[in-house]
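Just below sit the structures, each encoded as structure tokens.
Consider the two complexes below, in which subunit A is the common component and subunit B and subunit C are the respective partners.
Right after this comes the complex of A and B.
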């Protein structure tokens, strides 16, 4: 099935939740819907499912207009952020319920329920009630119920958000495998850039009810069309510095001059915004071209083997992400190196002017 | 453990006449116990007295104060269970109360679902207006009901009383059920729709089991109101659907008041309510927690 949204809008009272979204999803594609909280991800999923009606625009399945068709008469399954199961049914009955409604035979139902349960590693819990399961197991049950019916459109609304860190990693890795080669359109809403990068496929970036960019995930990550898009698709958010571009260099606000790299040569001179991902701002000098800027440490967050150094530079807050543990004194002034080959250049209105060449695979960190 | 000397407890020997901390604690416990016992005595006294009376003969009741039956007799109960003018009162009451509970639930379940799940014009106002129905005393509706039922031939039928009580029970039932239904996430309804459930099947097989405690609590309150309501039930009936409470108020005969029989009837009137409370006791607490009871 191909799902097309044509200029779809959703207005609730005076508030515009979705504004003119046009999107085409191919059969068998995996699509990440990336956006911050309240960007309209859930609203969009609900429109795709047919749970809500758009106030403008059309929704087409294989060219057929399904705009007003309710969810019950579409071929769709959805997994919610909360763990939604039928509390009075056992896990087995929960997974079997869509199949029973399709009127399949008892043996066929049993085979498919057990097969799906095995894929999600809940085959030992089939006789329990959802209330007796842990959060992760409850969500596995919900995912199994969504998968088992083999719907042509599968929507997942931040399914891993309410799980603890370890379970989330585990289930995320499995999910990507589960959706391979099913021919189903999967739409996976998340706020986390890392999740989008791990899941791969396509990414659609949503910001304040508008679709900013849609394309292969690596492309959206490497070539974000606007500064907003880059900020949403970076964690911690991309650092921005105002600069003046001239023929041979970039002059930062504090007077630091950056030499031009291959990708930002030949741009029209004038004011611009420089975007630097946190993992490209470093305390060690990465290469000969790198230029140091002075910054005052405000906080050093150590998270596992990474350190997030929050600094102030000429009144602008920046974040640097370092491998390993780097103790820093608060208030200390340090030098951070900016690698000119890894910077993004945006016009003052936020549109992308130049993006660095694709990062070689071995060095690409999850931003 | 036998109490020896205070020093055996590791405490210095207290001079006679002053209370040690342990004695004071004991005194406090017993004060609390006494207060509790007194409270329960006062609470249970009327019920005990009624049971007491129901087991006595009229002669003993009228002869003077006795704290327990000197010659216990079950004759009063035997009379009630054998005399049709008595036991038909119970049957009538149970008949219209059951009718009313069923009608109230059947009508209130869809209404409560609508209030809980849909937004429509004036929904909040209508929801509150439902509750105001309970603010009017039943006596207000006495005359209209009587005239209406007499005209259309419903007078002195069980359904007449059951329908009249719906005026008070349906709003209450909607109010209580709405609270329980709103506690069920809307996403369950949506998931069921996507799984292919039609609405009736979803409502009966998925949704109702989730709010069964709410249904229990609602049934209890409908039962209770209908069971104790006297004014409408007595006015709208004469012979065929006469409730037990009405029978009880008409026991003054030429021979005087039949005290023992009346007490036995009273005991039997309490029993159904007590039974129902026993069955829903756990759910009631949940209803209170929702603030809807």
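Right after this comes the complex of A and C.
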């Protein structure tokens, strides 16, 4: 199935939740819907599912207008942030429930329930009730219920957000495998850039009810069309510094001059905004071109094997990412290196002017 | 430091022990004391052993009252629980004046003192001037709650339903409001019918509050006293004489302290037993442990 949204909007009272969204999703594609809380992710999923009717625009499945068709009569399955299962049904009955509605035979149901349960590693829990399961197992059951249906559109609304870190990692890796080679359109809503990067596929970035960008995940990450998009698709959020661009250099607000690299040479001179991801603002000098800026440490947080140093530079808060665990004195002044070859240049209105060239993927944490 | 036995703990539970002792244990022991003695007045008491218990258990009026009481409690549960759930399902949800208004209206009967409820119904059900009673008579029904046992019984039941269904409705409503909207969306995607949503989502999710509702309504109705006392005084005959009224008549009316005390103990054990059986049964329904 191809799912096409044409200029879809959703207005609730005076509030515009979705504003003119056009999007085409190919069969078998994995699509991450990335956006902050209240960006409209859930509203969009609800429209795709047929739970709500858009106030404007059309929704087409294989070219057929399904705008007003209710969810129950569409070929769709959905997994939610909360763990939604029938409380009085066993895991087996929960997974079997969509198949029973389809009126399949007993053996067929049994085969598919057991097969799906095995894929999600809950085959040993089939006789339990949801109340007797852990959060991760409950969500596995809910995912199994959605998968077993074999729907051609599968919507996942932040399915891992209520799980603890370890379970999330584990299930995320499995999900990617599960959805491969199924022909189903998967739409996976999340607030986490890391999740989008790990899951791969395509990413659609949603901001304040508008679709800012849609394309292969790596492309959206490497070439965010606007500063907003770059900020949403960076964790910690991208650092922004105001600068003046001239023929041969970028002059930062505090007077630091950055030499121009290949990608930002030849841009029209004038004011601009420089965007630097936290992993390209480093304590160690990455190369000869890198320029130091001075910053005062406000907080150093250690996450896994990464250290995030929150600093203030000329009144602007910045975050630098340092590989490994490093102690930093709060209040001390340190030098952070900006690599001119890794910076983004945005026009004052936020549109992307230059993005650094893609480097061969070298997984070094997530930026 | 690491003493396994800390005597200071006794000090901390002392207030609770004192309160429970004075409010429950001591009165109960007094009753036990009475139930094994024949009391003529202060200082004149004689040990009689289990005589009162035997007398009470052989009393046919008591068995009648117990049967009446059980029928009554069952009727109360059979009407109020489904009705309360039905009302809760019809109630508006979300914020707004409709919800507030419904909640206030529902809470009103609960705020009225019990003897006033009795008085209200006493007047309401009167055949000559009461709105309800007179209306029924105009419809050609021979309704008279002071003379006809069945009418009296139904009137007491109607009064209880009017008084307490709100409580069940409010509890059920609270249970319904606690269901995340995603459950309903999931049901919609599954194409579930209204009945399936009720049967497989709302009802199981309301289980906890409904257990409380059933227990509360059972215990309360089993110990009902004030309203029928005001409304019918237990009559006509003994048609609406429930256990507590029977007991009061015995203890205060006839001053049979020993018999009444023995009866109280039996009454207490009955309530305890029923509540326990109810609770263990009801908490296992639908959890998988019952199978």
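Methods note: the second predicted complex is superposed on the first by the 364 of 367 C-alpha atoms of A that agree within 3 Å, B and C clash if a C-alpha of one lies under 4 Å from a C-alpha of the other, contacts with A are read in each partner's own complex, and residues count from 1 in each chain.
By our rule, a contact is a pair of C-beta atoms (placed from the backbone, for glycine too) under 8 Å apart; a residue touches a chain by one contact, two chains touch by 3 or more.
Everything quoted here is computed from the prediction, not taken from an experiment.
Applying the stated clash criterion after superposition on subunit A shows that subunit B and subunit C collide.
Once the two complexes are overlaid on the shared chain, A:132 sits against subunit C while remaining clear of subunit B.
In the superposed model, A:98 makes contact with both subunit B and subunit C. Look at A:304: by the touch rule set out above, it reaches neither subunit B nor subunit C. When the two complexes are overlaid on their common chain A, residue A:327 makes contact with neither subunit B nor subunit C. Shared-chain residue A:82: touches subunit B and subunit C both. In the superposed model, A:72 makes contact with both subunit B and subunit C. Superposing the two complexes on chain A places one of the subunit B stretches 7-15, 79-87 or 223-231 into subunit C: stretch 223-231. In the superposition on chain A, the residues of subunit A contacting both subunit B and subunit C are 49, 51, 70-72, 76-78, 80, 82, 84, 86-89, 97-98, 101. Taken together, the subunit A residues at the contact with subunit C in this complex read 46, 49, 51, 70-73, 76-78, 80-82, 84, 86-90, 97-98, 101, 128-129, 131-132. Touching subunit B in their complex are the following residues of subunit A: 49, 51, 70-72, 74, 76-78, 80, 82, 84, 86-89, 97-98, 101-102, 145, 149, 151. Remark: subunit B residues 185, 187-188, 190-198, 206, 209-210 touch subunit A in the complex. Chain contact summary for the complex, subunit C toward subunit A: residues 180, 182-183, 185-186, 188-192, 200-201, 203-205, 286-288.
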